[in-house]
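Below you'll find the structure, written out as structure tokens, and then a few comments.
First chain written, first letter: the chains are A, B, C and D, and each begins at residue 1.
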Amino acid sequence: MTTATLGIAMIGHAFMGAAHSQAWRVAPRFFDLPLRPVMAVVCGRDRARTEAAAARLGWAEAATDWRAVLDRDDVQVVDICTPGDTHAEIAVAALAAGKHVLCEKPLANTVAEAEAMAEAAARAAAAGVRAMVGFTYRRVPALSLARELVARGRLGRVHHVRAQYLQDWIVDPAAPLSWRLQKERAGSGALGDIGAHIVDATQFILGDTIREVSGTLETFVSERPLAAEHSGLSGTAVSDRTGPVTVDDAALFLARFSGGALGAFEATRFANGRKNAIRIEINGSAGSLAFDFEDMNVLHYYDGGDDASVAGFRRIVVTEPQHPYVDAWWPAGHGLGYEHAFTHQAVDFVRAVAAGTDPAPSFADGLQLQRVLAAVEASATSRTWHDV
Amino acid sequence: MTTATLGIAMIGHAFMGAAHSQAWRVAPRFFDLPLRPVMAVVCGRDRARTEAAAARLGWAEAATDWRAVLDRDDVQVVDICTPGDTHAEIAVAALAAGKHVLCEKPLANTVAEAEAMAEAAARAAAAGVRAMVGFTYRRVPALSLARELVARGRLGRVHHVRAQYLQDWIVDPAAPLSWRLQKERAGSGALGDIGAHIVDATQFILGDTIREVSGTLETFVSERPLAAEHSGLSGTAVSDRTGPVTVDDAALFLARFSGGALGAFEATRFANGRKNAIRIEINGSAGSLAFDFEDMNVLHYYDGGDDASVAGFRRIVVTEPQHPYVDAWWPAGHGLGYEHAFTHQAVDFVRAVAAGTDPAPSFADGLQLQRVLAAVEASATSRTWHDV
Amino acid sequence: MTTATLGIAMIGHAFMGAAHSQAWRVAPRFFDLPLRPVMAVVCGRDRARTEAAAARLGWAEAATDWRAVLDRDDVQVVDICTPGDTHAEIAVAALAAGKHVLCEKPLANTVAEAEAMAEAAARAAAAGVRAMVGFTYRRVPALSLARELVARGRLGRVHHVRAQYLQDWIVDPAAPLSWRLQKERAGSGALGDIGAHIVDATQFILGDTIREVSGTLETFVSERPLAAEHSGLSGTAVSDRTGPVTVDDAALFLARFSGGALGAFEATRFANGRKNAIRIEINGSAGSLAFDFEDMNVLHYYDGGDDASVAGFRRIVVTEPQHPYVDAWWPAGHGLGYEHAFTHQAVDFVRAVAAGTDPAPSFADGLQLQRVLAAVEASATSRTWHDV
Amino acid sequence: MTTATLGIAMIGHAFMGAAHSQAWRVAPRFFDLPLRPVMAVVCGRDRARTEAAAARLGWAEAATDWRAVLDRDDVQVVDICTPGDTHAEIAVAALAAGKHVLCEKPLANTVAEAEAMAEAAARAAAAGVRAMVGFTYRRVPALSLARELVARGRLGRVHHVRAQYLQDWIVDPAAPLSWRLQKERAGSGALGDIGAHIVDATQFILGDTIREVSGTLETFVSERPLAAEHSGLSGTAVSDRTGPVTVDDAALFLARFSGGALGAFEATRFANGRKNAIRIEINGSAGSLAFDFEDMNVLHYYDGGDDASVAGFRRIVVTEPQHPYVDAWWPAGHGLGYEHAFTHQAVDFVRAVAAGTDPAPSFADGLQLQRVLAAVEASATSRTWHDV
């Protein structure tokens, strides 16, 4: 075990904050890391709630002024887990202060903000400061394996990509108007929140980028009850007033990748019965792959070269020591869960920082993805295809 | 068993001819029919091959002139199983001759032809002559059950329709240039051949129609070897010359239904490893349905009203006596196969003829569907949304 | 098409009669047969019902005296579809009369009867007369493929066989006392009715026989309402009197095969929610196979020699032209149903008769299987292992 | 967060040690605990390796004398993660020293040892000292839910239990002779190592115990290469000498539960392609349940009371806040992994200690299970049924 440390400051402590905390805590217990993460300080707006979060999540200190955190010598990494409208300001300042930055996805709520962040990251990289955006699903072992298989040429020329991210948490019209349904906070709805994940995952697996899109957006329920004031974290108490939903409930788009593949994408919060179903299927001239996050330790692979009498999609249980990240965990057949991908992200980030290399996905990658989302929105307005 | 008969003339005797023959043969053995189908005559272009087909498929006579068949008094039904470019001429003439017509899908290769056929069917209906287009998949019990559940209100307001028809039979660039890859014979490629099926099936299940579309077409392999002259039915012998593929290999489109549902459609012959995967998923405010023809006796159903601790997609094995068409066959758990839907089609057609009612889908339904396909093609050219 | 014919007399016309009729009707339409089956006469106890069955099922004549049928010159095959207590008498007489015999499973209700039948078949074989017992599931293409893969050495040394046949049709204690629940008619309950199928299927796939067993039988509901007199085929009307169930509701046994494999078998009519789930899994030193009749067109195959990073059970959709029996039917991906295996049985039987070879499974095979069932019953009584 | 602490000493630091360490570390971060676990000391035989484990796994100290650990005032819990042959000595001493004990399964290698341990636990309980045996799978949320559903009467009278634990890690005859294959260390092979888990899980779900068994054991490969001396943790280096395998490779048994259910159990390390497949299916008069650890976040449930037209096994994704343990983790659809059940075990243990109640499964439960295993072994020898 190394004695060299890497001090972390985490900004935000809700859902993503819990996942990132678990990652920093667990990573050095299963992986050999060149630097030992130290959970130095968590930062939030409300002192009492931030202190409770620090105790619960295991941070040494709580703070309420993120700018002050940037001055601390014991902090080398700023881990941004706040809503998207605050990413740009914090990340740009942190990079300017010489702190490595891990920023939750989406990089920002607008292309302009993302551009500023990518520029800041480019400047910082010249000074040896690293920046990474947090698309964790690519670090689910089954999806990492998918990329490896494509990179090894196992799929040949890719013809088709189809990807769906299906949830149902607001199918009830009585579900309250959370910040995720307000454009000024969330930037977009299903498109940016979950559509972003399948764009990243498929571009990552293919090692290719989307060139043009034709999409449509829909808001099925346009008015929802406001959450009651002072309602707690559970967020279920609603008032008798309502407010407008200003983001999309569902986003669908067709896409063409630079390498010629056709894509069909769908992200929705209205797929009744689907809780967090991320489905990706890729068909190439030499084989195919299929994945569903509802069975996250499995990758289906069709080898077009198999003898016809025994060809079929193989249900690969991605828990073998040969599979990405798996060797650090349990014996074959002992599956991983949702948060393990966050641990893998922390591992790769720490290793890149120690090695002085740029971790992926970079802020430039995050910007490119933001441009894809913006093209979908533009296409939905103009009702035509749009270049990214 | 009735002694009244219904004389059938079948035009064409390839893949669809074999399926229809099986249906006429088997239907009266399992279902109570008001008229007994008599397999009177099969008609083809080549005498020797048609006579062989008659013997093999069980038709009393073989003929080579379909017009002469229309004059026969022992023929009450003309069953059209030829390629799409001949449908209009035969069907219009048969209806004019007072013969009931069952015409394979797609109704025609162009909207203009389909319009003429729908007009002929309307005129014939006034005279008590029936016309039906053969979209058999809607008579797979699981899909018939899907329609029943939607009609019963089990899904509530439908938000999402996603449908894929995935095959891989020409993913090999060395596969020869069959008539199905030539626009003048086939009309279109994946779009009309298989895309038509998922349009019909989803419109049928919803009891709703597609209002507008935005689509794209792709031909991945634009030049293919010609089949060798005199090559037999198996069609594998190829010459060393090549010719252009003039239809789409894949068709993708987004759609909006009149009732407000969003649709995502994909039809392709390049999904490596998928042989005949028809996948349909429908999400509504009260529940969801999912189907895959690779497991054709099963319908997945999510009841949004189930208690949360035990809610989940139900794997309904659609072989109970309560399920559509099933009671005539075997005990529960003894699944049906591909051709059973053709038998169900024959049953419904014979019953409609006997009852003097119009069978569904009508030629008007076939025309509406043709307009959906035409709108997809127009959209693919203009790169914008098109009304149907 | 051949002009030589093979006249069939079918004895019994209930569930199995319908399945066999469909097989004789359909087989020559899809397969090249050296002799054309002629559905000459169906024989039952009740004249009116037998005539109705002849009309419905497509037999030229109806008869009520099976012995008289044996005298007919236009009958070359006797197809026995009656309950098990009548098999021996009919089969022995038919063979003595020089008729080829296809006898539904189980061969008989007792070992003694089965011995007499096997002896009769051996004598008849010397005179060129063929006998076969009807275990159709081995002719489901996925299970035929399973045998091929084992025979090709794809599994290596077989270590494990686990097989379950799960139904639930009498889980309701109010279900009436049918003949299948009476020992004098049915011989045994779940053991002989459905357990027999998984014994045959696994012995067939392995090309090996069960050497010894240790089993237990259970009757969960020992008294049931009698069916009302004159109740029809549907059999649901019950009287207010009850009678004893004299067969097993469930049979479980462990087995050792001659080749060293361990078997775990379970047959039950009390597996709530399982309608006709035949599950077979075989694990060998080089690979594994798994099958479930609820998804009957699929065989799962694990190749232990696959590279570890991409190894996994392959979901083989057994609808390729390379697969057993499939080439005669539809294109890839168009699945078969329950009754197709009966057609395959008819095809193999006709071909064997024409070729002058013994079809399998033979009456000797049926006798061996009967001895396995008898050993299970003996073991259940003695509570120890029994040799077959 | 509480400030009261609970000092833990863990004995052993291999596979189970890593899993338990993760549990102690993570439990207070997601669950509200009345006492905060302190990872005080880990104990092993080799000082250097134990110190390395302490650093890696996050224990404050390393020790090599487990008896000395029992004298420490800062230790209130002894967590036993060593092989089974050492459990009895450590547990009895720890309980006598007034330490709460969490002991990995199986409780011991013999019934006699288990009896001594259960007696020690009974004595300790009188003094307020708690003892628990570590069958973690019952705390996988899907299996906890299974028990809840049975307890709520959702299955009615249970007729069938079928359970398999399938692995393949020694199917290769060249796999070396580890301690798990030596009777003096491991007690038994597949039976005690993995068969024990499905016995516990099914007894737990039913709330019933096994009354009698009939089983068989098999060792397919009786001689294996010895591991090379000084071979590391990975254990793959083998010497050119061999030694005898003295435990079973596979164990199969039939069982009868006290409440009348029939059981079929199979545990094997020779199921090629199955890595850690724990499959449990339970059929009752009112419904059924099915589980497979390869898809560990899912429970399949059949409600026999559902309307027949929509009845089917429900695929419950056990990630809802209504499900056991789940509310503490992530939103719906974000699955858990293998080690989460260890965290749940730690949570329940800490809560029981704080509440002064006896955690389950108790040492008495572990003893009862040991008697089931012993009865299977006796039955395998005598080739008859044995009472537990």
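As a convention for this text, contacts are C-beta pairs under 8 Å (C-beta built on N, C-alpha and C of every residue); 3 or more make two chains touch, one makes a residue touch a chain.
Predicted model, so just to flag it, every value in this text is computed and none were measured.
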TODO: Would you mind checking the shortest number of contact hops between subunit A and subunit C?
DONE: 1
- [ ] Look at interface B-C and say which pair in A-D, A-C or A-B is its repeat, using the rule that over half of the contact pairs are identical by residue number.
- [x] A-D
- [ ] Provide the C-alpha centroid distance between subunit C and subunit D, rounded to the nearest whole angstrom.
- [x] 42
TODO: Please report how many Å separate the Cα centroid of subunit B from that of subunit D, as a whole number.
DONE: 54
Open item on the list: Centroid from C-alpha atoms only, then distance subunit A to subunit D, rounded to Å. What do you get?
Closed with: 35
- [ ] Send over the residues of subunit B in touch with two or more other chains.
- [x] 274, 311-313, 317, 320
Open item on the list: Applying the document's contact rule, which stretches of subunit A touch subunit C when the two form their complex?
Closed with: 145, 148-149, 154, 300-301, 303, 306, 308-317, 320, 322-323
Task: Residues of subunit B defined as touching subunit A within the complex - done: 159-160, 162, 164, 166, 168, 171, 173, 214-216, 218, 220, 250, 252-254, 256, 260, 262, 264, 266, 268, 270-274, 281, 283-288, 302, 304, 311-313, 383-385
Open item on the list: Considering only the defined contacts, which subunit B positions touch subunit C in the complex?
Closed with: 1, 15, 18-19, 21-22, 25-26, 29-30, 55-58, 167, 169, 274-277, 293-298, 317, 319-320, 330-340
